[in-house]
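Listed below are the structures to be examined.
Next come two complexes built around chain A: one with chain B, the other with chain C.
Up next is the complex of A and B:
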């Protein structure tokens, strides 16, 4: 920000970030272990200086979290904040020979990728060429193979496995009547359509279309359409008409 | 210049290290071989058995670290960090209809969470109504269904939008969801300068990782930049974008790729906004980021610290 873009305000240089613990590191086998994984990942986020944090619930490999599981996840953060003392000293791992070496190493390796992307004309061009998509697919494949070949360990998955699935059946999953919700949501959206001021709604969508076609900033027009009770599908429909839609090409 | 170690000190440390490698280590290794031939981080970075000041030999403290709240911000963006204000505990939540999720939000606020974060269902994420054939069987499954302003009002019943901040994990329909939120705030009598929160609104990572894209890349970026430009001018406390490594990582990227691609996305957005005629110092303070925290402990910590330093440079 400073050297490339000449930002002057200190705030312009701040990388403020939210963290979510890794959903992909959670497994359905011995699901309680996910509480421990999440706690360790949350601790890393705090030691890394995040501004905001979401901790995953242990039942997420199965479904959106139950109240019980969501509360444990939140309480995990509260234990880190109020019991462990890790929040009492700023950046306590600084000066660790290993951590500083690894910080430098990550930076150096990341710059190499960024230079490559720059040479492709920036990220928008790189995405159109499929470059990062290919890189990520290769990395995902590599990791999968390492796990399958036993070169990466995952407790309960490829080491310390347990055959008994009894405990999985004991996970108290969130129960709600999805069909009932779907019926209610359909009914409501139809009711909103039937009750709104038709002329105002029509005008708002026409104006949105005009703005999108002219290349104007669409935000004021979307806000106006929302206030005229246009639905998400109707607004997105207008924008899809103007901008088109995207079908991902195969990269291999 | 603030070199950490003098040449003399480094020479002595290196001498001791070599002696350890030559005279002490071999006996131990022959009696107790190491568990693996090579140890690597999740990104595949090989790690040695021991690190010493010799690994940081020309290390300049002021250039690389400095103090918290000052350039290059490696040690943190605030001078007081968590001693003054803890991180926001923001639980990503949403399921069913707005009624169910309203209950969940209130439960989490009561349990002590300090920020709200909404998970939307798939129809909402790609911007189709619940009665669209594409939505069949998916309404309310992975998050909450919010197709109209009426739903958004129910979602925030008894929650004052002037007193909470809300993250919305929404991308192509970000202008719609932000408009719902702003319209509800207006109805509650909350002025624009008190509306706080985040729209994810990061189109590039959709193509790299998340794959809930709708528009082609150019148009997707254009719409996202509209949201940023409008928010910067109208909602001083809103984070109009959360430049996200999370989904890139979840799609199987390494920590290094997550770091690099996220910052490269950020660089692209900065260029786009400057090309619109915005001043960098006008919008840069409103850009925010979103990372994954995976299980390889030190690599994640190093990633966060490196990210801060790289972005500031």
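Up next is the complex of A and C:
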């Protein structure tokens, strides 16, 4: 931050980071095992010093989590925070030969990526060229092949498998009626539209459009539009008008 | 008649063309992209719709691209709802001869529901890619031979 971007405030030099456990590490087979996977990943995050953490719910390979599953995810964090003691120390693994080596390795490989992205003209250009997308897809494909060819083990998926139709039946999935949700949401939007100050709403969207066209920071204008009860759809509509819509570069 | 039939058969067959579709607000595209990539490697022609398409857009793309199969990937739990809407739209446009297959985070308990609606094949999590490739080839082959008769 200091050398590259010339940051001066000490606050800007802080490395504060949020960790979310990996959605792609959740499996629908023997779904309860996801609780264990998430706990291990969350512990790793805390050992690594994250300041903010999101733990996934075990039923997320099926759908949006139920309250039951979300609560287990929250309690997982609370067990790590209040029962294990790992949060009492700044860096519990400091000095571990292996972890230090791994950190160096990660750093070196991260630098390789940063240099590659810079050579493509920065992240925006790289995304336009589809570089990071291709890297992610490549990794996902490689991973899938490794699992299918048995070169990588996933408990319950390619080792220690069980016929688990009954087990899946016992997962208390969040029930919702799509049509009912849609009807309710439309009703809410209709209500908001009928009670808001029309002139103020129109002005807020016009000002947002102006800011977007000028290339200004649109955040204050977005906030203003939200306060004037513009819907997300309306705000997005204005921005789409000005900026256009992102189209994924095709690779297949 | 039989001679005509022979003549109408091209010597090199057109690649099987699959539309891989993401419908609705579900942004989980890892699986769809792994499948698209695997099908391409297996010699299919793949059209990927990109994220957040509507049912109408998918039907239009399927007709325009003259695909053999529509593959829908869902990960947020609305697979039954989406399947119903999609099959309805296909019927409306007289394109319901295009088989629809689904995959993604579909609980095994919804398998029969989807098949009863008219989804041709459902690939549950854990289905090996090779099995998907084989089944899609068979489905496309069946449809093409039906069209030629």
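Note that in this section the second predicted complex is superposed on the first by the 243 of 252 C-alpha atoms of A that agree within 3 Å, B and C clash if a C-alpha of one lies under 4 Å from a C-alpha of the other, contacts with A are read in each partner's own complex, and residues count from 1 in each chain.
The rule we apply is simple: contacts are C-beta pairs under 8 Å (C-beta built on N, C-alpha and C of every residue); 3 or more make two chains touch, one makes a residue touch a chain.
As the structure is a computational prediction, the values presented were derived from the model and not from experiment.
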item: First (chain B), second (chain C), both or neither touched by A:71; value: first
item: Partner chain(s) touched by A:150 [first = chain B, second = chain C, both, neither]; value: neither
item: Which of chain B and chain C A:141 touches, first, second, both or neither; value: both
item: Which superposed partner A:24 touches (first chain B, second chain C, both, neither); value: both
item: Touching partner for A:62 - first (chain B), second (chain C), both, neither; value: second
item: Partner chain(s) touched by A:210 [first = chain B, second = chain C, both, neither]; value: neither
item: First, second, both or neither for A:85, with chain B first and chain C second; value: neither
item: Partner chain(s) touched by A:103 [first = chain B, second = chain C, both, neither]; value: first
item: Which of chain B and chain C A:172 touches, first, second, both or neither; value: neither
item: Winner by number of chain A residues touched, once chain B and chain C are compared; value: B
item: Set of chain A residues, in rising order, touched by both chain B and chain C; value: 23-24, 64, 136-137, 140-141, 144, 174, 176, 178, 248
item: Touch list for chain C against partner chain A, complex; value: 20, 28, 30, 33-34, 36-38, 40, 46-48, 50-51, 76-78, 81, 105, 107-109, 124-126, 128-130
item: List of chain A residues in touch with chain C within their complex; value: 23-24, 27-29, 61-64, 136-137, 140-141, 144, 148, 157, 165, 168-169, 171, 173-174, 176, 178-179, 247-248, 250-252
